[in-house]
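Both of the next two complexes hold subunit A, though its partner changes from subunit B to subunit C.
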Partner chain A sequence: MEEQKTVVEQAKEELEKRFSRTLAVAASNLCVHCGLCVDQCHYFVATRDPNISPVAKAEQVRRVVKGEHDWLRRIFPWWTGAKELTEEDLDKWVEAAFRNCSMCQRCVVNCPLGVDTPLVLATARGVLTAVGKAPEILVQLADAAIAREENLEFFKDFYLEQIKELEAELQKKVGDPEARIPVGVEGARFLYVPLSGAHTIMPAAEIFYHAGESWTLSMFEAANYGIFLNDPVRSKRITERIIREAERLKVQEIIITECGHAYAVSRWEAPKWFKDQPWNFRVRSILEVMDEYIQTGRIQVDKSRNPFSVTYHDSCNLGRNSGLFDEPRRILAACVEDFREMTPNRERNYCCGGGGGLVAIPEWQDIRLEAGKPKADQIRATGAEAVVASCDNCRHQLGEINEHYGLNVRVMGMAELVANAIVPNNGKK
Partner chain B sequence: MSETIKADLELNLQGLMCPLPVVKISQAIKNVPVGGVIEATATDPGVMADIPAWAKSTGNEMLKVEKEGKVIRFWVKRLK
Partner chain C sequence: MEDRFLEFVKFDLQIIALSVFALLYALKVYQLMKLPWPREMGPRRGSEELGVVYSFAWLFFPWSMSSTTQHLGRWVEFALYHLGAGAAILGTFTIPFWPAIMTRPVSLTMAALVIGGFIVGAIKLARRIIAPELRVVSTPDDYFSLAAVEVFFFFTAMALITEARGWMIAYFLITAAFLFYVPFSKISHYVYWFFARVFFGLRYGRRGIIAGKRA
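And now, the complex of A and B:
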């Protein structure tokens, strides 16, 4: 009978499976320990603890990778810093990769050598998931998303009933009994993928109504907790539900709601995962769609309808990871009278502290709120009355740091702001 | 209807949005014995799909869902 592998053996096998050229570069001696990444990390800025600086976190994993792949370690293990993996190391990786890193990529932007520290830590996340050491709730949320498709018939009627109620609200709001929240419409131009919850459906439905858009609502939610686990099987499975739905409905575009990681997964990862399948649609964020509507005059907006000062938080996944910097700023220029940039902004913006799945892990709320202090300071310095974020995880975190640090600001989504600013045209193009 | 299921724990999830209702249920289920029931109320319509899917994937059982205006009331039984 084959002897069962130890956790360490399983982890080493998984690490070997994930070993690639890019990981080899990130985990090699390319990092010269210059320390420039240290005070770029919101965790370090908030805590001043060098043990949770990017270089210190990555080094825990790098030493093990070197132990396996750096030939010099055979002669000079003390020189290379190579280390044999132990189960105690894996437990420390949980802290380094899941608790103390939100995968925001700010350290990469500010590294003169471009060392991809989040790639090293994401690899650790994948290894930990494979050996059953990932945070349980992230696994449960990913599995629940998969179960949602497998049990579609069970909840479909409940879901459609909810959408009907939201449709009635929309009709009342726009004053048109013909206004619709369509579901399952074949041949629609857009498949709009919301998150669970009316707040990601209603403002978008109102904007689509005023734009006279041809759209249909997805039966699934955009969130993909598989990506936070760096689990390719779960991530692909979750995304595949939406790809299949888009193919079945023959839509031209998949429009992802205001959700940073869902956009990054669908826009950048999914085309690689499903490269052998026909890809007859493009993927955009609703940010891009709202910007297009405003720039082309498809919806009319009046900035005096948002008569308060607003600052904008660049979600790491939409901004640094996807380059959506100008779209939100054009929208804000059109929809608010008093827009105030926070400093730093765009690719140098600080993470709010809620990324990487952290908002879903209550056990780590203390460090998450502490790591949110640089963001709280940025918001406070603007003096703005409202902070807009185009990512639901960011909005959760901003809501909590708003309360924790007594910022007294209103936390809003961009679609909500645009819907407020719309000059009604009764759904005519 | 609600008198027919005896709850071991009551949970108010009203005002919470995704993923927090699932997160809270996942935490709370550890505080009831196997065979025990949580009765929860929520207002986010996302729970209508998320909680049954979570229950299914974690090997627990969604016993019943009711709507009272905007409030969704549901019962989850811990099976393991």
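And now, the complex of A and C:
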């Protein structure tokens, strides 16, 4: 009978499986410990704790990787800090990789050498998930998303009933009893993938209505907790549900709701997982669609309908991870009278503190709010009355830091803002 | 007899050390190239090629990153330190293999650059000892590598200024020792730096974050 492997042995095996060229570089002698990334991380800025700087967090994992691969590891491991993995290290990794890093990538764009610290920490997340040490709630949420497909028949009727109620609301809002929230329509142009919650469906439905769009609502939610676990099996299965649905309905595009990580997964990560089965539809964010509608005049907007001052939070996953910087700004220029940029912004923006799955973990709310301090300061400095975020996780976190730091701002989604600004019925077929 | 020793450290020893150095680097690169490389596959939003160009160019433009904008002095240190290192390394080739260009003004200019690097090295060493955020991540190799470069700078500067036989012998002996040590140490970061900047440029360029058309 095969002897059961210890947690440490399993972890080492998983680490080895993930040892790619990019990881080998990020976990090598590349990092010169110069410390330039230290005050680029919102955790350090908020806490001034040298143990949670990017380099200090990555170093915990890097030393173990060096323990396996550094040339001096056998003769003088202590010389380069190389070490053997222990179970205690794994417990510390949970803090470093899950609690104290939101995977925002701000340290990468600020490292003169290009050390991919979040890759090192994401690898630790993957290893921890494989050995059962990842935060349970993230595992449950990922598994629930997979189970939804497996038990679709069970959910379907209840879901359709809820959508009917929302449809009635939409009809009232736009004053048209013919207005629809279509589900399962074959041949529609868009498959729109929302999150749980009417706030990710209603403004989009209203915008699609005014644009006269051919669309259909997905049976699934866009959220992919598998990516926070860095678990390729779960992440792939969660994405696959939507791909299968898009193929079945023969849509031309998958439109992801205002959700940073879901967009980054579908737009950038999933093509790597499905490279042998290329898709014949494209993936866009609702941000890109709203921008297109406004630029092409497919919907008419009136900025005087949003008469308050607005600032925009660049979600790390939409901005620094996906390059959506100009689209939200063009939308804001058309839809609000007083737009105020935060400083810094775009790829230099600070994370709100809620990324990487942190908003889903209630027991880490303390550090999440503390790490949100640089963002709170940024918002306050603009003097804006509202802050717009095009990511649901960010909105959740911004709502909490709004309360925690007494910012007194309104936290809004971009679709909500656009829906407010729409000149009714224009463009309706 | 004495001159033969100088000739040996200047030529033969350098060639042996350089060959070992090159061999070890070739091995490092070979080990890296053997590993799988998960390439970006999502449809391009920007340009990978421009991304790579930007990625390398960022080094020369301190305003391209918040870290160097906020800490401009650190960027100046970085520039002076690497200029010093460049001059010291250049000397190991020009003194033995191209003595004709080593006129007095050239030697003194190179010495000045090396002294600049030496001063910055001392500041870096002091910072590593004093700053808590650097102390917590520093290994013996970090301290030793900085100190070793200081020694290298010192002997380079003395050899360039005095052009005396004793300092020359010391300079070439130190250079050889250095060449044997570098591939095992933190100083080898520049090999990985090349790969890291390419990876960075490909990813952030393709995704339209740092370069190219933002469609």
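Rule of thumb we're sticking to: the second predicted complex is superposed on the first by the 425 of 429 C-alpha atoms of A that agree within 3 Å, B and C clash if a C-alpha of one lies under 4 Å from a C-alpha of the other, contacts with A are read in each partner's own complex, and residues count from 1 in each chain.
By definition in this document, a residue touches a chain if its C-beta (ideal position, glycine included) is under 8 Å from a C-beta of that chain, and two chains touch if they have at least 3 such contacts.
Predicted model only: the values in this text are computed from it and were never measured.
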item	value
First (subunit B), second (subunit C), both or neither touched by A:Ala198	first
Subunit A: partner with more touched residues, subunit B or subunit C	C
Partner chain in contact with A:Thr22 - subunit B first, subunit C second, else both or neither	second
First (subunit B), second (subunit C), both or neither touched by A:Ser322	second
Contacts of A:Glu206 with subunit B and subunit C, given as first, second, both or neither	neither
Intersection of the subunit A residues that touch subunit B with those that touch subunit C	none
Footprint of subunit A on subunit C - complex, ascending	31-33, 35-43, 45-46, 55, 58-59, 65-68, 70-71, 74, 78, 128, 131-142, 144, 183-186, 188-189, 192-193, 195-197, 199-200, 204, 207-210, 214
Residues of subunit A defined as touching subunit B within the complex	136-137, 140-141, 143-148, 150-151, 154-155, 158-159, 161-162, 165-166, 195-199, 221, 223, 225, 359-362, 392, 396
Subunit B - residues contacting subunit A, complex	17-20, 22-23, 26-27, 44-50, 52-54, 56-58, 65
Residue numbers on subunit A that touch subunit C, as the complex places them	19-22, 24-26, 28-40, 44, 50-51, 53, 55-56, 59, 71-72, 78-81, 108-116, 267-272, 275, 282, 319-323, 325-326, 344, 347-348
